[in-house]
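Same chain, two partners: chain A is paired with chain B first, then with chain C.
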Partner chain A sequence: MLKKTVIVRPELCVGCMQCMIRCAQAHSRSKILASAIREDILAKPRIHIGVGPEHKPFPNKCRHCEPAPCQEACMPWAIRSDIAEGLKIVDPARCIGCGMCAMACPYYVIRFYRDKDAPERPAVAVKCDGCHERVAAGGVPACVEACKTGALTFEDVNLYLKEGTNRLANAAYGVRA
Partner chain B sequence: MPKKDLNDYSICSDARAMIKKAREDGVETVWDRLEEQLPQCGFCELGLSCRNCVMGPCRIDPFGHGPKRGVCGADADVIVARNFGRMVAAGAAAHSDHGRDLLETLHAVAEGETGDYGIRDEEKLRRIAAEVGLDVAGKDTKAVAKALADRFFEDFGFRRGSVSFLGRVPAKRREVWKKFGVTPRGIDRDIVEMMHRTHMGVDNDAVNLCLHAARLSLADGWGGSMIATELSDIIFGTPTPKTSKVNLGVLRADHVNILVHGHSPIVSEMILAAVRDPGLIAKAKAAGAAGINLAGLCCTGNELLMRQGIPMAGNHLMTELALVTGAVEVVVVDYQCIMPSLVTVAACYHSRIVSTSPKAKFTGATHIEFDVHNARQKAVEVVELAIERFTARDQSRVDIPATPVDMMTGFSNEAILAALGGTAGPLLDAVKAGKIRGAVGIVGCNNPKVKHDYQSANLIRECIKRDLLVLVTGCVTVSAGKQGLLVPQAADLAGPGLSAVCKALGIPPVLHMGSCVDNSRIIQLCGLLADALGVDIADLPVAAAAPEWYSEKAATIGLYAVASGIFTVLGLAPPILGSKTVTDLAVSGLDDVLGACFAVEGDPVKAAELIDARITAKRTALGLVP
Partner chain C sequence: MRYVVAGLHAAGRSACMELRKADPSAEIIGVDPSPEPVYSRPLISYALSGEMSAEAMTVAGEDFWTGLGVALVREKAVRLEPDRARLTLASGKKLSYDRLLLACGAKARPAGVGGIMAREICYFRGRRDLSEIMARVRTGGVAAVLGGGLVGFKLTMGLLARGMTVHLIVSSPRPLSLNVDEHVGAWVGERLRDTAGVTLATNTSVTAVEPGTARPLKLSLSTGNVLEVDLVAAGKGVIPETEWLADSGLERDDGILADRRLRTSDERVFAAGDLAQAPDMVSGERRINAVWPVAVEQGRIAALNMAGVKTPYAGTLAQNAIPVFGSRMISVGMVSPAQTRDCDAVVTGGPRETYLKLVFREDRLVGAVGLDAPPRLGELAFAVRRRLRRRDIPDEWLDNPGNAAPLCAPGASLRQNARIW
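The block that comes next holds the complex of A and B.
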C-alpha cells in the first residue's frame, strides 16, 4: 500500500458528485471540462457514489489491494503494477473486456466503457489509476481536489490511523476529541 | 495552497500594491475566496444542475455515465436553457428595477413630492416626451414629466404590447423581431414570463426558451435600461465632454474620503451635493481634514463621472482594495455588484459601509435609508458620519499607491452628435471612407478568474490599432482610463485613420459613454446610424465585447446586443456549454435568426481578430473598402 492514499470519510459526503465529474475530466484527453464533454470517446468517472439507507451517499473507489483479486483474475495481464508504484492500473491496450476483474473485485469499483486509449474495443475495464500523473507532478487526485467537505482526502494512511487511535484513546477515557 | 505571483492578479500597480497590503494586514480578498472555491462545481459551470423544484436538485452527467434527465424528465438542453433564461431575467430585472427607481423619482418630481430632485434637462424631457408620442405643446414642465412618467409606467406593465422606445429600432430590425416573435412587449411582463416558463412543466423547448430570453433582454436594452439612462439625463443632466482622473490615487491622504458604489445616480448625486456644502466642509476642516473628497466606484461612479466629472477610484475588483488603502472613511452603496465582503474589509480599518436602499441591506453595515423626501438630509448624515470616522483614521496604516491618470468622459449621444455638428453624417462619412473602419462597444465587468483589466485594456488597444472606434461603459471605463486610453493623446496608439479623425476632433479613440445601463446609449447610436444608412443594425460594421464579465446583468447586455444585431465576443463562457443545442445556437445558430451571434475568446488579440473579421465582412457587404 502507498504511504499516501485517498482516505474516504463517508459520513462527510453530501453526494454532490463533484468527485465523479472532476475524475472524468482528469481522465479525458483535453482535461478541460468544456471540451472534455465534446470528445469522441467520453472519459468516465472512476469513483462512484453508492446510495445507502435514507439515501445516504457513499463514495466508493478502488483500494489498490495487494495482492489484488482483480489482478489475479486478469488473464491478459491487463492490470499492471509496473506503471506507478503501489497502484493497480488497467492497461486498455491489453484489456479484453472479459469482466473477470469485476467479478473478483469485492468492492464493485470496476466499470466497462469504451476508452480513448483503446478506441477499437467496444468496452474495457475502467477503474481508478490513483491519478498517478497528477501526483507525480506534485498534485493530489482529482476527486480529492474536488471534494468540498473533507469526505475525500489525500493522506499518509498511518498518520490518519494514528490520529484515529488517539481519538479512540480519548473515548476510552470518556473524553470526546 | 501557495499564492500565485502578484503580477498574475492584475495589470494595475495600484491593485498589486493593495493586494500585497491586504495580505500584510490579514485582509481576505475576492482572489483568496476564489482560491477557496476551486475547483468550482462542474455541473453548475456547464449549466447542468437544476434547483428549480423539490423533486430535485438534479444534475445531468455530461460524460454519459450517470443521469441523462432530471427527475421531471428535462434533458441537458432544457435544463441549460431554463438556467440561462433565469440568468438573463435576473440581469434584466436588475437594470430595469434601477430604471424603475428613476421613474419613481421623475413621478415624485412631477407630483411636487420632492424638493431634493428636479428636472435639470428640460429640453431632453420635452424631446423624449415628444419622441414617445406625447403632446407637450403648451404644457408646463411638471405636466410633461407627469405624462412621461405615466407613459413609462405602462412600459413596465402589459397594457401597451410593446415598449415605447421601439420607435428607435430600425424598421428592418423590427421586422426581424416580429418574424421570430421577440419584439419586447413589457419590461416586467417579459421578465416575469421567463420565471413562469422556467417553472417545472412549462416551456420545455430549449430554442423557444432562448428566443424568449432574447425578447426579455430586449425589454431591458430598449426598455428598462434605456428608461434608466434617459430619465437620469432628464433629472441629473445630459452628459457633456469633460475631464477627470482615475485610479486609487484619486483618494487624498489629508481629506475626508467618501466613495460612492453601486449603480443609480439617485443617492450619489445627493452625496455630491452634500460634500459641496460649505457648512460640512467647515466641519471637516474643524476635524483636522483639508476638505472632503468624493470619488466613485463601479457604475454609480460612472454616473457621477459622466455628468459631474467626479473622479473614479476603481472598478469591480478594486472595491475591496480601495478600503485596504486605509484612507476611506465611508463607502456609500445603493445596489448591485457590491460585494458583501466590503463590510468585513471595512471592519479591518476605521471605514464604514453605508447602505441606503431598503432593497439592499448589508449585515454589519450602517443603514441610512434614502427616499425622495429625505435624500438631501440623509446625505448630510452620511457626510457627518464620514467626518466622524476621519477622526478615527490611523494615518500610519494609510497607503495611497498611485498618482491619478487623466481621462475624458461625458460622451452621451447628444454630446457626440453635437461634436459632429448636429448629425451623424460626418461619422458615417469617416466610416464610409474607411478612416474609422467600425465601432466596438467594449463593456462589462471584472472577474477574478482572469487577470484584472488585462483582457479589457488589451482588446481596446488591439481594436483602436485596427482603426476601430471603441465605446466603453461600466467597469471597462476604469480598465481603459487607468491605461491612459481615455485621453486625446491615446490617438497615437490608434491606426492612422482613426488617429487622424480623433486628432481633428480632439477626442480620444476610446469614448466613455457611461454606466452599464448606458449601454442603451450604444444601441441607440447603432439604431441612429442604421437608420441614416437605411439598413439593419446587423448590417453595420459594429461589434461588442465583454472581456471580463461576471454578472447576470452582463449576460443580459450581451444577449440584447446580439438580439439587436451586434456580434458579441465574451471573454468567459456563460454556463451553457452543457447543452450542445444551446451552445450551437449561441455561437452560430443565432446568426441565421438574428443576424448576429456570440463568440467566446479569452485572448484579447484573438478576440480582436474575430471582431476585425466580422467588421471586414460587414464593410464588404455594404460595398465599402474592407
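The block that comes next holds the complex of A and C.
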C-alpha cells in the first residue's frame, strides 16, 4: 500500500502545464532542461493536462491502481509492482508496445513513445513511475515540485482521506467555529 | 484448505497469485502438463516476427512458483469426478481438492481441410506450434495463411518478416471481419493488397492439401485455382479443452458454463480463461472471449470466490489491441458488422488521420473501434462496463479525443469516484 502519493486537486489547476515540462525533464537522460530538449530521444511527460468539463484543465496521471487493469492486461509482464512499493512501473526492456495496457486503463494515462531505455523499439508504453528514484532519495515527484497552485501535492494517503472525512462532516453538519 | 489449479497460463497463474494473497496458509497445487516454464502465449507472434527471442517469452520460472508456495505437478489431468472432489492425472495418480479451478484454456480449431497432406497444416497457439512453423520457414519461400482473424494477420506479418511470400486466404469478404468494423477492415485489406509479398484472397477457402511438385504442398482453392507452397498455417479460432470433462457431469456448451461468480454447476469447481463460458458484459449471454486480459481477470475473480470472498464478475468483454502496419488498431465490445446491425454509431477523429467509432445500442455504449486513435479504449471499455449513455459523453470529449479529460474526471460523466468539495 502506498503511504505517500500525489494528490490531485483539479479545482486548483490553472493549466500552466509546468508539471508536464518538469515531468519530461525528470525522465530525460540529462535531467537538465536545456540539454533535455536536445536529446535524440525526447523525454515525454507522464502527466497530462486534459480539457475537462466546462473546458477547465484537468491534471491526469496514473493512479497506480490495485489491482491494476494495465498490469492484468500486460502480456509480457512488463508492468511491475516490485520496483517500488505500491507503484506500477513499466519495464521498457520487456514492453513490446502492443497497446493492451492502454486498452485496459480507464484513465487514459498510458501513451506510446520511443523511450531512452528501449531505443530499439518504435514505441513503448510510457506512464507515471511515481518518480520513485527521487522519492527514494528523499525528494518529491517532479510534477509536485513544479506545481505552484497546490493542484498537485505529495501527501500521506490516510491524512488526505481524514481531511475528506472532515470535509464531509462539515458539509453534513455545517462548519463549527 | 487445498486448492488445485489445472492449467497455469494466464488465468491459472493470476488465480494462484490471488489465492496466495487471499489465503496465506493454503495448500495450492498447480497442475500443468507442459514441462517448460510458463510463458506468455500471445508473444509467439512477436517471436515469429523476430521482435523478441523465444526465451524472452518466459514469464514465470521455477522460482516464481516456489516463491508463491505453489506445488507444481507436471502432468495432464485426464478425468474429473466432482461428486468425489477428485482429479485423476495421466499417470493414474488421484488428487483430491477442496476447491478446483479449471483453467486449461483452449486449442486451435482444426482448419477442416481435406487432402492427404492436411496433417501438414501448422497452427499458431503455443511454443510447439511456433517451432513447427520456424522449422518450415524458408527465406524466399511461399507460405499460405488460412483465416483472416487476428491470428491469421499476425502470422502473415510474421512470415513476411521472415522473408516469405504470403498468400492470406480468407473465407469472408474482408480480413478481420469478426474483430473490427467495415472501415477498419477495408483499410487493413487495402494495406495488405499494397504490401509487397502479400497476396490477399477474400471469399476463398482451401479445399484440399496434397503433395506438390515444385514445392512440398499443393493447395486446391474453392475458386478452382491451385497454389504450391512451402508452409500452410491456419488461424481459425480456438476450441476450449473440455473433452476430458465430458463424463464429469459439469454443464457444458461451447466451453464450461460458469455463473456470475465463475462457479461451474458444481459448487467446488470454478472455471476461468479460454474454457470458461461466462456472462458477457454487453449481451448478457454466456460466451467465450478468448483474450488475455479477460483470462487474467477471470483467474483473479475465480480465486477470490474460491477463497470464500464473494466477488461478482462484471462479465467478459471482447477486447483487442494490435499494431497494424505501424498503426495501432484497437477494438472493444461489439463492433463487427454482424453484431451491430441495429446500432447507432458515432464516428470521431482526432488530429491527423485517426478514426474512432463508438457503437451505441438503445442509447447505451456497447463497443468501440479505433485506428491510430488516441489510446483511450480503456476508458471506453470502462464506459461500456458502466453502461454509459450517449448523452453522458460530453461533446468536448468527442470533439477532441486526444486531449479531453477522462470520462471519469470529477464533474464528468462517470462520477463514481466523486468527492465532496
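What we mean here is this: the second predicted complex is superposed on the first by the 172 of 177 C-alpha atoms of A that agree within 3 Å, B and C clash if a C-alpha of one lies under 4 Å from a C-alpha of the other, contacts with A are read in each partner's own complex, and residues count from 1 in each chain.
Just so we're on the same page, contacts are C-beta pairs under 8 Å (C-beta built on N, C-alpha and C of every residue); 3 or more make two chains touch, one makes a residue touch a chain.
Here the structure is a predicted model, which is why all the values come from computation and not from measurement.
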Superposed partners chain B and chain C on chain A - clash or fit: fit
First (chain B), second (chain C), both or neither touched by A:Ile110: second
Touching partner for A:Gln25 - first (chain B), second (chain C), both, neither: first
Comparison of chain B and chain C by chain A residues contacted: C
Contacts of A:Phe58 with chain B and chain C, given as first, second, both or neither: second
Chain B versus chain C as contact partner of A:Pro45, first or second or both or neither: first
Which of chain B and chain C A:Val14 touches, first, second, both or neither: neither
Minimum C-alpha separation between chain B and chain C after superposing on chain A, in Å: 10
Interface residues of chain A shared between complexes with chain B and chain C: 111
Residues of chain A that touch chain B when the two form their complex: 16-18, 20-22, 24-25, 33-34, 36-38, 42-45, 111, 113, 145-146
Residues of chain C defined as touching chain A within the complex: 14, 40, 42-43, 46, 51-52, 56-57, 59, 292-293, 296-297, 300, 319-323, 326, 328, 330, 332, 374-379, 381-382, 394, 396, 400, 403-406, 408-412, 419-421
Contact footprint of chain C on chain A as seen in their complex: 10-11, 48, 50-56, 58, 60, 67, 69-70, 72-73, 75-77, 94, 96-108, 110-112, 122, 164, 167-168, 171
For the chain B and chain A complex, residues of the former touching the latter: 39, 41-43, 45-46, 59, 61-66, 573, 577-578, 580
